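The following block contains the structure, expressed as structure tokens.
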Amino acid sequence: MPALTRELIALRVARELEPRTVVNLGIGLPTLVAGFVDPADQILFQAENGILGYAGVSDADYDPDLINAGGQPVDLVPGASFFDTATSFAMIRGGHVDVAVLGGLQVSAHGDLANWFVPERGGGSVGGAMDLAVGARKLIVAMAHVTRDGASRIVAECDYPLTAARCVDVIITDLAVIDVSANGLTLRETAPGVSADEIVAATGAPLAVPADIPEMRL
Amino acid sequence: MPALTRELIALRVARELEPRTVVNLGIGLPTLVAGFVDPADQILFQAENGILGYAGVSDADYDPDLINAGGQPVDLVPGASFFDTATSFAMIRGGHVDVAVLGGLQVSAHGDLANWFVPERGGGSVGGAMDLAVGARKLIVAMAHVTRDGASRIVAECDYPLTAARCVDVIITDLAVIDVSANGLTLRETAPGVSADEIVAATGAPLAVPADIPEMRL
Amino acid sequence: MPRRLCRQRCAVPVIARYDPRMVAQVFATPDAAVAGIGDGATVMVGGFISAGSPSNLIRALVRSGPTGLTAVANNIGLGDLLDELCEHRQLARVIATFAIRASGGRTSRFEQQYRAGEVELELVPQGTLIERIRAGGAGLGGVLTRTGLGTIVAEDKRIIEIDGEQWLLERPLRADVALLKASRADTLGNLEYRLAGINFNPVMATAADLVIAEVEEIVEAGEITPERVGTPAVFVDRIVACPPIPVRWEG
Amino acid sequence: MPRRLCRQRCAVPVIARYDPRMVAQVFATPDAAVAGIGDGATVMVGGFISAGSPSNLIRALVRSGPTGLTAVANNIGLGDLLDELCEHRQLARVIATFAIRASGGRTSRFEQQYRAGEVELELVPQGTLIERIRAGGAGLGGVLTRTGLGTIVAEDKRIIEIDGEQWLLERPLRADVALLKASRADTLGNLEYRLAGINFNPVMATAADLVIAEVEEIVEAGEITPERVGTPAVFVDRIVACPPIPVRWEG
């Protein structure tokens, strides 16, 4: 089954972002999204460590004071600003960030997210994930649809420790775009060359499949 | 009975301030204190509206953005800083202001303070007084010893609405300096030409009078 | 999935359609900038006496005429432009720290209407007022403070005991609209403050559904030093440049 | 009258005599600046990964050798200088948001000691960590947040219900010492931050009994623009100028 690369998942996430919104990108795959937005859309990226308006990972000389929340050097857009962590999380927790894009370990049929603690490793790091999951106005989870062992990351109930309950709005994976609502999961798009049946089979929770599911535009 | 002028009360308060401390001056009489400190003492005055390091009321052209918490134009010392109201009250409530000097309507034998609501007028304004009374590390109340009608402002129990309970450390009036402790009130100094007996008579709460009370140094 | 958090709306939604935009809209006049504020709105007003006070926006609100307003501000009184909202009895309720002079003498229109029972007043200690607004803007459930304990401020409020210590629970405050004043804005909506003009403005910017700022000058994005931005653009919806109205307070 | 509020002291007072002074003391070396931090101290460390990290002070603390420390910091991990405190097992406890890599591979000394049960770890969501520190510094009794509700972060913690909504009560955090990094200081102790080097530094400055800042340059009072002061002098006790140590994080 042909699955999207990490870069193509990031591209598909970028297509989900509306112009002139404020977007926070989590560490890992979500960080790649900054490279795929159209600058004309004037999307402002927010970083938990206190930046509004960074423009993706930088090629410039490394400045230790100019990094995103994952520690990567970044460039700025004109009109960027810096602020302390208290202001940054007032922004996040207070509902001022339009969209957060986070990685995921598991997402449940109710939109519960688990993305910070790996039981097999006996640990993890929470960072700003819990605040983003609770505070962002829209939460997109970008992740591989199944684990390396083939188990679905989309499950009836998370068995990993939660990041937050009922917080996910959209799941974008290497196989599909899935909307999450109070009624459960609905398939919205398929990856090129992947059938709805294959997606249902790879999904560990009930998945509504409307007629005429379009293929992703990439 | 010779009583101190407002200016002399302010001067005596200024003598009470230690070098290199951070001091907040309330509206009214306390504001006069800034004019009586020695600049060499490097006392930094804090204003609730978000200044650390103003130097007293200004003679300069009126700048509406450069005022103290009473609305008076002020000058700055080198090294002054501006900050928002949340930071200003984190400073006050968090115990970072060494001394607050507030006016008073009544102080009780337990160090309760009433200074914001005048029952006869049926109103008042609270401003930052309650936060200062709770948060400053030392609270000096500067006021007239008795009302215009001759009633003592130092009382067994306040009958005016409180600003805060058990908050006053020192009372400086036109007649005396009085220390407040868990054991009650103790006369420390008399105004020039005023006897301890006269002060006891003008005080509506038990007042301990040690031997050899010195006269104020002015 | 409907967000459980997000912006907590006020009881009376007054902006018919609020289009959330990262890029602030620039308006030509204060009157245009305050358009759409309807009867019954809760309006936060930045500033501390004469410093950082959005005088042009207040006067525009007087001219536009909505009534039944709740004003949240540090002060309302003599020589304070907010008092002009009392001329046509636009205020139903005021939440403030300074509102009634402790000494006698001349009284403001607000004080006259308050004494006549025509307008309600909730006096809030300054440090509590700013924390309540901050909680409203930062998605926090309340404020736990010692300020006001044992006073009439604590009446009818919940006391939370933690490890044997008592804390007064104060509730978050939000508004439909915030009127702010800054020194400069850029075209994205970043605000830069000057001297003691900061005060309540940055925190109020976080706690209203519609944030309108008057500034002395609007510059291109990038012209304000990033570390000098006092209110990041995400919080600001409308900006208007106009000469400040100087005001001398009479307490 | 003994103040009921004032600075809430930690259980273990480690600075023998802390002389509160508005004017910061200038020290010649990082080693001199950290003198007096004893065994069992709680130490807040500003910075976020490489930005605004007081690397010189951390290395001085490693050299000075106190043990049984509790560190409060955003991150401890590979390529993070705080991990050097694990070389001589100086840490008893860490309160942080990033401490264990979610993915495998090389592990930090901290992670090895944590897995061996030699050091305790309290993982705190970032927004909750900063608010807990802010509450500790601002004289507030706690934080009411939705963050962590329904997760293991809420285990054994008190839930406060307000108007039918649930809020997690998180407790204030204070420290004996805060180690900070700023770009410049003036001789009074005002600190100016640069770019994203701000992060945890200004809030930690409010929440420790002894606040020590390393800066790249110390200038005369008045040389930092008053509106650019990120931490007012009242919060700062000791300053030292030294070239920053650049660090590349490996997560």
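Lettered A, B, C and D in written order, each chain numbered from 1.
Heads up, the rule we're going with is that contacts are C-beta pairs under 8 Å (C-beta built on N, C-alpha and C of every residue); 3 or more make two chains touch, one makes a residue touch a chain.
Quantities reported herein were computed from a predicted structural model and do not represent experimental measurements.
Interface comparison, A-C versus A-D: the higher number of contacting C-beta pairs is recorded for A-D. Chain centres here are Cα averages; for subunit B and subunit D they lie 35 Å apart. The distance from the centre of subunit B to the centre of subunit C, each centre being the mean of the chain's C-alpha atoms, comes to 30 Å. Residues of subunit D in contact with at least two other chains: 4-5, 131, 134, 139-140, 145-146, 193-195, 198, 226-227, 230. Residue numbers of subunit A whose C-beta contacts span two or more other chains: 82-83, 89, 93, 134-135. Checking each pair of chains for touch leaves A-C, A-D, B-C, B-D, C-D. Within the complex formed with subunit B, the residues of subunit C that make contact are 48-53, 74-75, 97-102, 104, 111, 114-115, 123-128, 130-131, 134, 145-153, 183, 193-203, 230, 244, 246-249, 251.
Within the complex formed with subunit D, the residues of subunit A that make contact are 47-51, 62-67, 69-71, 82-86, 89, 92-93, 116-118, 121-131, 134-135, 161-165.
Of all residues in subunit A, those touching subunit C in their complex are 20-22, 42-44, 46, 52-53, 76-83, 87, 89-91, 93-98, 111, 134-135, 137-138, 166-169, 180-182. Those residues of subunit D that touch subunit B in the shared complex are 1-7, 20-23, 134, 137-140, 186-188, 190, 206-207, 220-222, 224, 226-227, 229, 232-235. Residues of subunit D touching subunit C in their complex: 4-5, 131, 135, 139-146, 160, 162, 165, 167, 169, 171, 193-195, 198, 226-228, 230.
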